[in-house]
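Note that chain A is present in both complexes that follow, paired respectively with chain B and with chain C.
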Partner chain A sequence: MENRQLRIMVIDDEQIVGKRLKSALEKTGDIIETFEDGVKALERLNNHPFDIVVTDIRMDEIDGIEILEKVLAKSNQTKVIMITGYATVEMAREALAKGAFDFIAKPFKPNDLRAIIDKAAKELRKN
Partner chain B sequence: MKLLNNILNPFIRKEKPIIEARIKVLRFRKFLENARTLMDLIEDGKEKLKEEYILDRSYISSLVDKVIENVRMLVFNACMLVPEGGEILYKEFDEHKILAQKDILNIISEKSISPKDKNESEEPEYRLLRNAVTWMIGPFSKLRPTVMDFIKQTFDHVIFGLSKFVYPQGIVSQLDLNKSGNDYHLDIIQLEENIILKNRKKLAINDIQCRPLGFMLMDNEKSMNIDTKSLSNQKNWFAAVSRDYLSLSTKNPQNIILLDAQLSGFVDSDFIFIFANKSITLENLLPKGFRVEKTNLGTMAWNYDTPKNIMENHLAYLSQKILKLYN
Partner chain C sequence: MDNNLSENSKKPTLANALISQAELDIEKYSVFSKALTERPSLSIRTKIILTFSLFFALCAIITLWSIVALSEIEDKINFLETADNYLSEIHQARRFEKNYLLYRTNVNDALEHLSNAEKILSEKGKTIEKILGEKHFKTVVLQVKDYDNVLNKLSKTRDAAIISNIEPTLRENGSKMVSFAEDFVKKERDSIARMLSLSRKVPFFFLGVLMALMIFVAILLTRQLIVTLNRFVEYANRIGEGDFSPITPVRKFKDEFTQLAKAFNSMTRELDNRHKILVESHKLRAIGTLVAGIAHELNNPLNNTMLTASMLKEDFSILSEEEKLSMIDDIISETERSRGIVRNLLDFARESEANLNSLQVQEIIDDSIKLVSNQIKLAKIRLETDYAKDLPHIHGDEQMLKQVFVNLILNAIDALPQKGSIFISVQKNKEEEGYITVEVKDNGPGIPEHILPQIFDPFFTTKTKGKGTGLGLSVCRGIVRKLGGYIRVKSSVGSGTVFTVLLPTTNIPSEISSGKKEH
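The block that comes next holds the complex of A and B.
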């Protein structure tokens, strides 16, 4: 995979997370789509492939683990990065065991997530 | 059973004062741990407000909950140490808790938070975090005490109360020494050894296996420029010691100096805490790197998250400045 724009999907039911991540991650020229609703995010994924999916673990309608499973079932090339909050470290471990690329705990700085995305992009380029 | 009681009672009677004294020192250490956790939580909230962090409401509610829980523990330990006036502390703690519930936690639990008005540019989560930090450290527009004000008030309650605590005669050992030409006298109890000290046993420096005190009593030739004239009639220090811990204090409520230090080699748990009342300008006695807070009674200073060798140097430096105040 050449050094091209990445298509990154961000899923978090907290509006502030998508809003802040979109503006921070777009600075490097990647294409960012944000969703507060996990179901709508999965519908979008069915029609459009994404290189990287960044998803919160704990959400009301559909949780991050289910999203991870569905994303990987559709394409095991996609790198899924989990966002964990307070008291969800156990779920993060479960996500890693199920094939998540990495996880990051809130609160975090966008640059910390960018470092993980860069690592994921390197992996994608290898394939 | 009666025979056993008869055998044990004299032992228990002799042990009781020393056990009470030990419990006070250990309880104060717990109190300091609560306070340190609170300082860290407050710093964390301040930092998250300054920087461009990705956070959500659960971070804010978790921060506020942790602060409430640690203040509750602080008040609990304060009341165990100095019961008189404890009901006032509990009443004020309740007021801070109610305020946090009303101004922060209730709003967080609402499903959607909207900006105050159309001109509000700050995101609602950051506005809530700002409210939480203001609740902790101010500034308030009205004359309303912050959590930090309350923490300081609780320290004053404890430190003034402890300064009046009289250690019973006969439970302490004594250490008289000369350091850099000055004579010092310390009454000492050991925190770990379960021994009854008969009368006022005289100790030598080598008898005391206490790392922090060891660094304080090391010879150091640096000059001391403290004006001790007004304090020269105070001679006694009280020290509670274990291998890694020192609790050193003067015995006079009019001139309070208190130093607690842990030196175990683990950066996460080691610290130096000093309190001095208003007759002493503590800031002038401290090495660099101490966090200083003023209270109504005096000044308190903390040093932690510092490598062991720097802590050791701090203690050696402080001994020149502080012991001499009451030599």
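The block that comes next holds the complex of A and C.
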């Protein structure tokens, strides 16, 4: 089955990001869940496997790097895409070194993210 | 509002602000320099000249007295010599008088000696008269004459009855004459002895008086110099702390120190101008730091706007009217959010001359916290505030005070490890009336005691090269001193640091502060 539904989680403490990305990413027929709270997102991840996790790096309670570590600890198949407001080389390097699939800098267009998700989906299908 | 219009149309630049401030300052300083020079002059040189003239006059007086006393003693010695001659002549005359009365011989010898005495009186009359005075001299001359008359009478008779008749008068006149002269000679000898002993004592007495006077004048002059010098040391310390208010006249007279005060005033004016440039350039650095955080913070509303606008365009044909409106509302509110973020920084960055106003310090601290909120978030630091109720307004400059608090908070952030905390409190000052106290406390590693006294010094920094200029706290102190306040630090290694800023309160109500933020 070529186009199996992907389970994608979006974590960003900006409510609008979740709202817009949900409708943008659902168009491909994938299942999208959005969270503003990193703790709740991690709880959900414990119960449900996700194929792709898109997370903001800088958040109040738990930051994106921590989420990345926890997700990969649970399943190294999951592709984690980092959103950063601070597109510095070090931040990206740290995330990539820790196993992130890719990163995207704010502000971005829905299509930018879609392209990265497509790339991640292709990787997933390879396995 | 007019105020704002003119402000905007004028577009104050750093240069303009500094120039107009400098013009104002020149006016202010020229007033003080006038006040300094418009006092009557009593220079240190005049004082020294006056003192030495006084000493010279004293020496001259004592020298004159010595000369007069010496010449008087000389006169008296001359008189005594003459008086001795006179006395011996009249003693001789009396001896011959006795001989005549006893043996009827030598009356001519007596007369001869008497005429010798008279000759002395007439020859040295001036010397004698000078000492005896006119009255006594006349008495002496009269006594000699009386005696002479009686003696003459005696010499012209051989009649024993007449002789015995004259004898008592002769004896009486003779003894009167001798005792009067002897009396005078004795008196004059005593007087010479007195004068000589006085002449011996006076120089010592004079030396004592001169020494006491010199010590007094020396103490007076040096004390004046030292008091003034100490005042200048105080001025220098004050200037070092960033208080650039000009020196005002303290004494009634101007002297060489007035020139120094004027030089100080022109120096502080220069320093003040340089300090303004320093404050501005330091602000630019602070802005640089803040911009990094603000750029990060701006990305959120920008991202929200971009995502919303993109989706609105993408789904334009399928979205309901209601959904479209809600998305447009999102775009508007996110744009407003961006404006809010930028505006606070712009308020802070706007170049303007010092503008003293009645201010609510809590608002300034809240604005400062907003400016550094991203640095706080990035460093994961907890910041708490505690403002006392019913705080009086303070007298200060909004932008300058923001610069102080932003700087203090940024310093605390730099010092704190991740998850440290900063506590800011505002209270009425309990010890000093008319001040409110702002405390910026952190629970960081603290400042070692040996560098604590230096932290306000310009160019002192503990940060690595390139990270800090070492000007932040020096600029803070400069600003706070300029606003009439104080800044203090208390710290110990391990228990964190507290910066305390005391700011003067004001009774003047806040003016047009509500319209200030409208652009």
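The definition used in the following text is that the second predicted complex is superposed on the first by the 121 of 127 C-alpha atoms of A that agree within 3 Å, B and C clash if a C-alpha of one lies under 4 Å from a C-alpha of the other, contacts with A are read in each partner's own complex, and residues count from 1 in each chain.
Operating definition for what follows: contacts are C-beta pairs under 8 Å (C-beta built on N, C-alpha and C of every residue); 3 or more make two chains touch, one makes a residue touch a chain.
Everything quoted here is computed from the prediction, not taken from an experiment.
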Fit or clash between chain C and chain B when superposed on chain A: clash
Chain B versus chain C as contact partner of A:K70, first or second or both or neither: neither
Chain B versus chain C as contact partner of A:R114, first or second or both or neither: neither
Clash with chain B, by chain C stretch, listed 327-335, 417-425 or 435-443: 327-335
Intersection of chain A interface sets (partners chain B, chain C): 14, 16-17, 20-21, 24, 85-86, 106-110
Touching residues (chain side chain B, partner chain A) in the complex: 48, 51-59, 62, 123-126
Parts of chain A lying in touch with chain C, wherever the complex brings them together: 14, 16-17, 20-21, 23-24, 58, 60, 85-86, 105-111
Sites on chain C touched by chain A in the complex: 296-297, 299-300, 302-308, 310-311, 314-315, 330, 334, 377-378
Complex contacts: residues of chain A adjacent to chain B: 12, 14, 16-17, 19-21, 24, 85-86, 106-110, 113
